[in-house]
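Lettered A, B, C and D in written order, each chain numbered from 1.
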Amino acid sequence: MKVKVAINGYGTIGKRLADAINAQPDMEVIGVTKTRPTFEAKMANLRGFPLYAASKDFVSRFDEAGLETQGTLDDLLPEADIVMDCTPKKMGYKEMYEKLGKKAIWQGGEKHDLTGLSFNAMANYEQAYGAQFVRVVSCNTTGLLRTLYPLYTEYGIDNVLAVMVRRSADPWDTKRGPINAIEPVLKVPSHHGPDVQSVVPELNIQTTAVKVPTTIMHLHSVVVDLKKEVSSEDVIGLWKATPRIIFVSGSEGIKSTAQIMEMARDLCRERGDLYEIAVWDDGVHTVGKKLYYYQAIHQESDVVPENVDAIRSMLEMEEDKLKSMETTDKYIGVC
Amino acid sequence: MKVKVAINGYGTIGKRLADAINAQPDMEVIGVTKTRPTFEAKMANLRGFPLYAASKDFVSRFDEAGLETQGTLDDLLPEADIVMDCTPKKMGYKEMYEKLGKKAIWQGGEKHDLTGLSFNAMANYEQAYGAQFVRVVSCNTTGLLRTLYPLYTEYGIDNVLAVMVRRSADPWDTKRGPINAIEPVLKVPSHHGPDVQSVVPELNIQTTAVKVPTTIMHLHSVVVDLKKEVSSEDVIGLWKATPRIIFVSGSEGIKSTAQIMEMARDLCRERGDLYEIAVWDDGVHTVGKKLYYYQAIHQESDVVPENVDAIRSMLEMEEDKLKSMETTDKYIGVC
Amino acid sequence: MKVKVAINGYGTIGKRLADAINAQPDMEVIGVTKTRPTFEAKMANLRGFPLYAASKDFVSRFDEAGLETQGTLDDLLPEADIVMDCTPKKMGYKEMYEKLGKKAIWQGGEKHDLTGLSFNAMANYEQAYGAQFVRVVSCNTTGLLRTLYPLYTEYGIDNVLAVMVRRSADPWDTKRGPINAIEPVLKVPSHHGPDVQSVVPELNIQTTAVKVPTTIMHLHSVVVDLKKEVSSEDVIGLWKATPRIIFVSGSEGIKSTAQIMEMARDLCRERGDLYEIAVWDDGVHTVGKKLYYYQAIHQESDVVPENVDAIRSMLEMEEDKLKSMETTDKYIGVC
Amino acid sequence: MKVKVAINGYGTIGKRLADAINAQPDMEVIGVTKTRPTFEAKMANLRGFPLYAASKDFVSRFDEAGLETQGTLDDLLPEADIVMDCTPKKMGYKEMYEKLGKKAIWQGGEKHDLTGLSFNAMANYEQAYGAQFVRVVSCNTTGLLRTLYPLYTEYGIDNVLAVMVRRSADPWDTKRGPINAIEPVLKVPSHHGPDVQSVVPELNIQTTAVKVPTTIMHLHSVVVDLKKEVSSEDVIGLWKATPRIIFVSGSEGIKSTAQIMEMARDLCRERGDLYEIAVWDDGVHTVGKKLYYYQAIHQESDVVPENVDAIRSMLEMEEDKLKSMETTDKYIGVC
């Protein structure tokens, strides 16, 4: 029997989770919620996800737009084994889930304190085992953990300095700028370092961040002081043995985030998404114990498989993190 | 038995044709050519398309990159029933095809004179029946013909004025700008009007064009002087009955080309492509005999189904244009 | 003696008016208002403009920031002969000006009804003579009037169709997008046509508009049905004899709005502004009575000289529009 | 008597140097060269700079365009005391200057080896005293040296890690992209570190670089390991006492490079240029001996004052670097 998953908030992340979860052999989406009858709501119907209004107040909106709903969140929640909360941050549904005794997963826009447990499959799958509330860390933090955690366990890390060159808006988000500017995050170090530490507390890391006028991917320039001297081949070998890292080559024509996204479209994943972190193999360099690398983060989708794994851990469906990751990846098409 | 199709040039258009053709029940791709061992060449292998070097001079490049090829274009062509020429314009392969007595289809970057026959499925499928050489018109011309041709046959057209607001580069093409400017095409009227007339000679149309810093879609602002007075509902009804036109609504949150592309990704077509021309239903207005509308053109893919239909016409596989279009669309996922 | 001008709202337009007015021999700026102690407020001080808080509520903000103010708008207004209202639209200061019996000029963001008199120096300077309240039309409408009005008076116009390809945000405005999309104005025809008619009611004009991801200039693609057949040389000659139109040439390397702005910087106007409408001479074409042209609009500054002329007309300082325009242009550096 | 300066190459840098040099009391521009009769060549004439064709081959181009030239580079050079070589890199004029025994200054696009002497006014003015050939380092290297050199001399530096987030094209350069991508420089560490060391060899610095779709400024995220613990106030105080560093504040509304450029326009420098390096005061943070800061670099103009100082040093016009810098800055309007 499949576990029943409710998606509260069918937006950028919610719609991807719906597809990824439904693709798994041991889970099914029993409904998704929406506040407005947008084209995304229509798409939910088209894809066969039962559509629920986020609250009673919104039902009439859907009626007016001629879009059928199966009820409201209140009707959906009791049927679910677990809720994926993909609503905007600080919406405050926690109490509602608690009252119903439901397990729930939040996304990285929320603070660590909301759940006290921040999640990355490779780093702390076991910690979430049986937990009621979990927060899957943000796309950037997930990206950092994917490549840093194996370095940390294999070689040891003295210190990390990462500069996050961030896309300013998602592709569909046409309201946000800038059109022609670079905007630094003046709070230094930025929150990404502490966010990594919410999962791996002992990892020394400082981050700064700048926003740039692009919509498709974030890019990180990372410098790691390792505890021992290794070659770039060693590092590449280590990452090749790690799930959810994919290599790209400038020498093969992948010179920017644009060609990475083109490659992702060619891979024919859903929506042209890239669940893996993309690392340039010809951008990995070591000088003594110092390791330099660049990685690109598909902000819309890299957390998707982590969420699926979190479900398995929290609902005690699979004890072995690697087995869960393998299943997840297989059914969303990660090779 | 399936007809055998060779793809000469596995790039932006070539790779899409390969997928679309292979998806058809009556066609198969027997090989694709490439000049360099880029990531796209790798993807061809991954997707199972036999890879050929474009010429003998290039074989060593592939060998060095460890990418297996099945031979060269010279080996591929004799086996094909028809060649899709997706090479850069003016590459001059025509003589080679002629010598082998092969049929061939070129793309809109070529001049009309190369084939003497420019193609749009709805407008002149019959004209290409049995033809040896055909040119499928460009993405913008295809877009104009999709919406104008039904108006022309149903209501009659006195005159069309269209301004093409063009994306400046494809998403993967990071070399081209501008980053922050608008660039008019100073040759006025632009070549798009005469290109429409290469298919429908009697259609009066003038066009101007400007390039803008976006990568995802072209947008046309069109004003048509119809021969009779109709309502916007009439026009929308006519277009709804026409293949390969899709409606979007500003009122549902699709306010720009960005949300159209998001919708296309949600539709789960290959690569997030949109084969249809997208027309804003709340942007269609009539004032007397004047009709105003906006349409968005997915420059990478709208010509794909036209190419498939051209094959059926040229190889005399199907006499009825609508039946060919229906088959094509069904197998590439157009609803 | 110089007339005394107050600038209510020292922002994008306000700061330019302050400089342009102060440069005139017959006017002086007696103060500018600001709601917040931003860097622009600092710049006002640096440039020697007496700074006033927009209201008493805001004085403490300036005090806290250590920025000296000379009082509030209430202190400034009584001293002024005329107020340039450059506040955001619908701020509702009209009543205040009326109570004090002050003349005032608003910008194009306001509706025509606010003043009942919309202004363009060449088209209706005389109409504003002695008027109390005037609205200077927006940058786009000003641009259209600059080139259309001489055509209208010299050759007669049957009809105009203009597509406005609009910049989406000013250069400093980093909050607004889109970063990568084209967004049509779905209300068709757009408001720009009627806005032209608020100055020249008999001019038949329809406009559509699209927003594109650039910050520096708007661009118009215009098609005019003239009442008589003329050559492109005739039209260029007519415009050369018209103030505030400047010609650029694709053949000299000015292929886009970017090179126009570069030229403006080379001309060493204040802030690199371009008060003139830029018309591509190699983009002017006539076919029979049809005239095609492209023009570029510097949205931040083309209305500046019109505002200066409006002051002279309203305060009855100069009866002859051409004399006023000549004076204005001379002192702001238009050659 | 003023020293006579020839500008070989009146482009982005050349035209700025022409203005800045002509503004100095002890120098004059005796001519500028150009290869084509572009609008920039016209502007040279308009601004009163004698225009020379770069070689005899190009004279006819200017004649055809009706643009008067005073001869060719061959005519200009013998009259000059020094040549500012602002031609594209590797043009190879060195031999020509040597033959005539002329002093010459190149820009940062050239390699250090061309002159063996790379220049930054504050760091090594004395080293260039009397030299024949000098290379003024690039905009990014100049920016790094401006802020790092005082730290280096005052506190000592153990190590620097800087990530250069680079604009991809100058504002006028509409050919170059990307429009929507981030492109890392895969050569790691990037050349900027060694370029800093071409001026200050003992400074430990590693840099990486990414290109982003903006045209107006570069931005650096810098982390410095100082030799002693200081406060951010100390650092800000040190930089305030250093020429050619200007502070901006996020709290005053300067949140990105766009508002910095707006401020520069408000400062009414020529072309809206910013000769200073802009440092966010609320982005300067110290943690122990670690210093974090962001700086923005106006790529078109920050090297301009350095070039003027290099002239004074090479022609032995002024021994004291600070006096030269003060004079330079005064006459180009740096406050």
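Rule of thumb we're sticking to: a contact is a pair of C-beta atoms (placed from the backbone, for glycine too) under 8 Å apart; a residue touches a chain by one contact, two chains touch by 3 or more.
Computed from a predicted model, the values in this text were never measured in an experiment.
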Name whichever of B-D and A-B has more C-beta pairs touching across its two chains. A-B
In whole angstrom, the CA-centroid distance of chain A from chain D equals 42
So, in whole Å, the Cα centroid of chain A is separated from that of chain B by 35
Distance from the mean Cα position of chain D to that of chain B, given in whole angstrom: 47
Touching two or more other chains - residue numbers and ranges from chain B: 171, 173-174, 178-181, 183, 213-216, 255-256, 258-259
Going by the touch rule set out above, what shape does the chain contact graph take here: line, ring, star, complete or other? complete
Give every residue of chain A touching chain C within the complex, in rising order. 168-169, 171, 173-181, 183, 213-215
Could you list, by residue number, the parts of chain C that touch chain B in their complex? 161, 163, 165, 167, 178, 180-184, 186, 188-189, 206, 208, 210-219, 221, 223, 250, 255-259, 280, 282-283, 285, 287, 290, 292-294, 296
So in the complex, which bits of chain D are touching chain C? 15, 36-40, 42-43, 46-47, 65, 171-174, 179-180, 215-216, 248-249, 252-256, 258-259, 261-263, 265-268, 270-272
